[in-house]
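Structures incoming, each one as structure tokens.
What follows is a pair of complexes built around subunit A, which joins subunit B in one and subunit C in the other.
Take a look at the complex of A and B:
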């Protein structure tokens, strides 16, 4: 009884569970992928983007 | 007749010159590969070389040797040719069901159920990636149809609110349509709020139509047939449409006439400490 066997018995055995699980996982995956790539991009380009240097040029009149 | 001169002279010799002691006729100089002379026999197509109807060498044929003389042999069964079958079955060899098949037992799955689970997991993972890619392809394609940021920026209108005195209407143009902005007085606000709006034709409260009660922002298009109503007119002190006589109150709600709905409220916002109004 390994991980894959458990996976088969809980999810893949019935197609009515398998396909919705695939779609739900795809939804979660696309969001997490997007968030992950965006945070990586912000970290990689730290100090170069407008949102990082905006406070040097624009003074908010609050 | 040239072929005759190139062939051996024995062609013209008698087929038998003498008889061996065994009784076999001896014809040592007969050329069995000779062609028939051109123009002879029934083969008029000019075929040269050995006769085409002669049986193949392996099937037998006529030969002559100095020892046995002229002899003709016909092999009833063809001689064995090709690969001889190997005899693998012996007392010392392992007997298998299919001796030519290699042993794949090292490559077979240790646990078929785990193998099946892994296979389904890989199928599902590929399905996840494919569904995700398909979804983002569709959404990115649809995003190309929406308005770009520069178009959206041009589609906004800024109004300086300090230039509008209390109790006055201002009409500005926004996306080709007129927008009414009224700086309402306190009495007008009270009147708009005190109206029993639940009995109106298009019931909407004044609070739901304004973000700040002193500023009323509406599209200046009559909801009946699209005329532009006249401000500070009509029976209810609001707007009056001259085309078919729709009366709107001080909150822009339809009160009398053919129009079915209240004047539409566009998306707007106050910025820079309520000094500016941005429509759009």
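Take a look at the complex of A and C:
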């Protein structure tokens, strides 16, 4: 029983599981992809964006 | 496209390179050459080199590449003459390319620079140039905080109305108001500038060839007109401006503004900041666009790789199958 059989038996066999799995994976992927790209973007553009200089002009009230 | 070319496209070339066999032997030779084409030793290295797709692809790339490079360097295709009605001076000197902090494919704007540039626009350029398409609210979260922008907007009086008496009235500015124009209309603007209209700066970076490079070069490029260049009264010499005589005098001088973050306000610093600000005004979506572009490139290249793989996977049995014809066995003598 390889990975594919396990995959087939646990997920793809029943549509009632297959469809929600696709939805959940899409949701998780889009969030993690966005988080990943954003963290790269913020590192690449360190110190240039508004969120990096905001603290100089705004004192957050507690 | 290259892969559709037969690999033997360069064969003609090869036969030129090879010594021709004599006519009498040629038929026999052709047969043997076909037969042993993969194993004949003498010219097989040259042959396979000339037959290979890689050779064809790199020769094509070299040709296209050198033409493109030439065109990029000299601005026209090689060996094709051109005539122009304008002299290069009339088109304006081409600006050099400056290393903008937002120049790279993945570089966001430098928002401290946008903030300083807004200050330069407000204190210098706004005396003559409008910025119609930018509202106060657009600055929020880009270069200023809400409270700062509210305070700045409130310093400006806007006409509003009519009220329930049907009269127009003045009120302090709100976040949703647009930047106040320096002149009430175009005629007033021309009248104050010797007939020249200071263009609206909202989209100026997109509206000029060379974009930010051109505007930076224009602002810092004022100098004395060369001997023999006649310049009318009230006009100024600037090599980057098409025609070289511009109605706008040099406006940026060292120390003209005082930056709150302590950056020394040299002419080039102010020019760089105001151009970054104007670049933001013309492309406020810039940062988000580049970030979305990064995501798109990652996703689409992954999808392309997957579809190429699936195609090969599905076609492999079809491409590698062999069709064998077995003639019906002779059933013998009836």
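In the analysis below, the second predicted complex is superposed on the first by the 53 of 62 C-alpha atoms of A that agree within 3 Å, B and C clash if a C-alpha of one lies under 4 Å from a C-alpha of the other, contacts with A are read in each partner's own complex, and residues count from 1 in each chain.
By our rule, a contact is a pair of C-beta atoms (placed from the backbone, for glycine too) under 8 Å apart; a residue touches a chain by one contact, two chains touch by 3 or more.
Note that this is a predicted model, so its numbers are computed, not measured.
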Partner chain in contact with A:8 - subunit B first, subunit C second, else both or neither: first
Partner chain(s) touched by A:35 [first = subunit B, second = subunit C, both, neither]: neither
Which superposed partner A:25 touches (first subunit B, second subunit C, both, neither): first
Subunit B versus subunit C as contact partner of A:49, first or second or both or neither: second
Partner chain(s) touched by A:17 [first = subunit B, second = subunit C, both, neither]: neither
Which partner, subunit B or subunit C, touches more subunit A residues: B
Intersection of subunit A interface sets (partners subunit B, subunit C): 33
In the complex with subunit B, residue positions of subunit A that touch it: 2-9, 11-12, 18-19, 21-23, 25-27, 29-30, 33, 61-62
Complex contact set, residues of subunit C against subunit A: 101, 106-112, 115, 141-145, 147-148, 261, 287, 291, 294-295, 298-299
In the complex, subunit B residues that touch subunit A: 111, 113-114, 116-118, 120-121, 123-124, 127-129, 131-132, 135-136, 272-273
Contact footprint of subunit C on subunit A as seen in their complex: 33-34, 37-38, 40-41, 44-45, 48-50, 52-54, 56-58
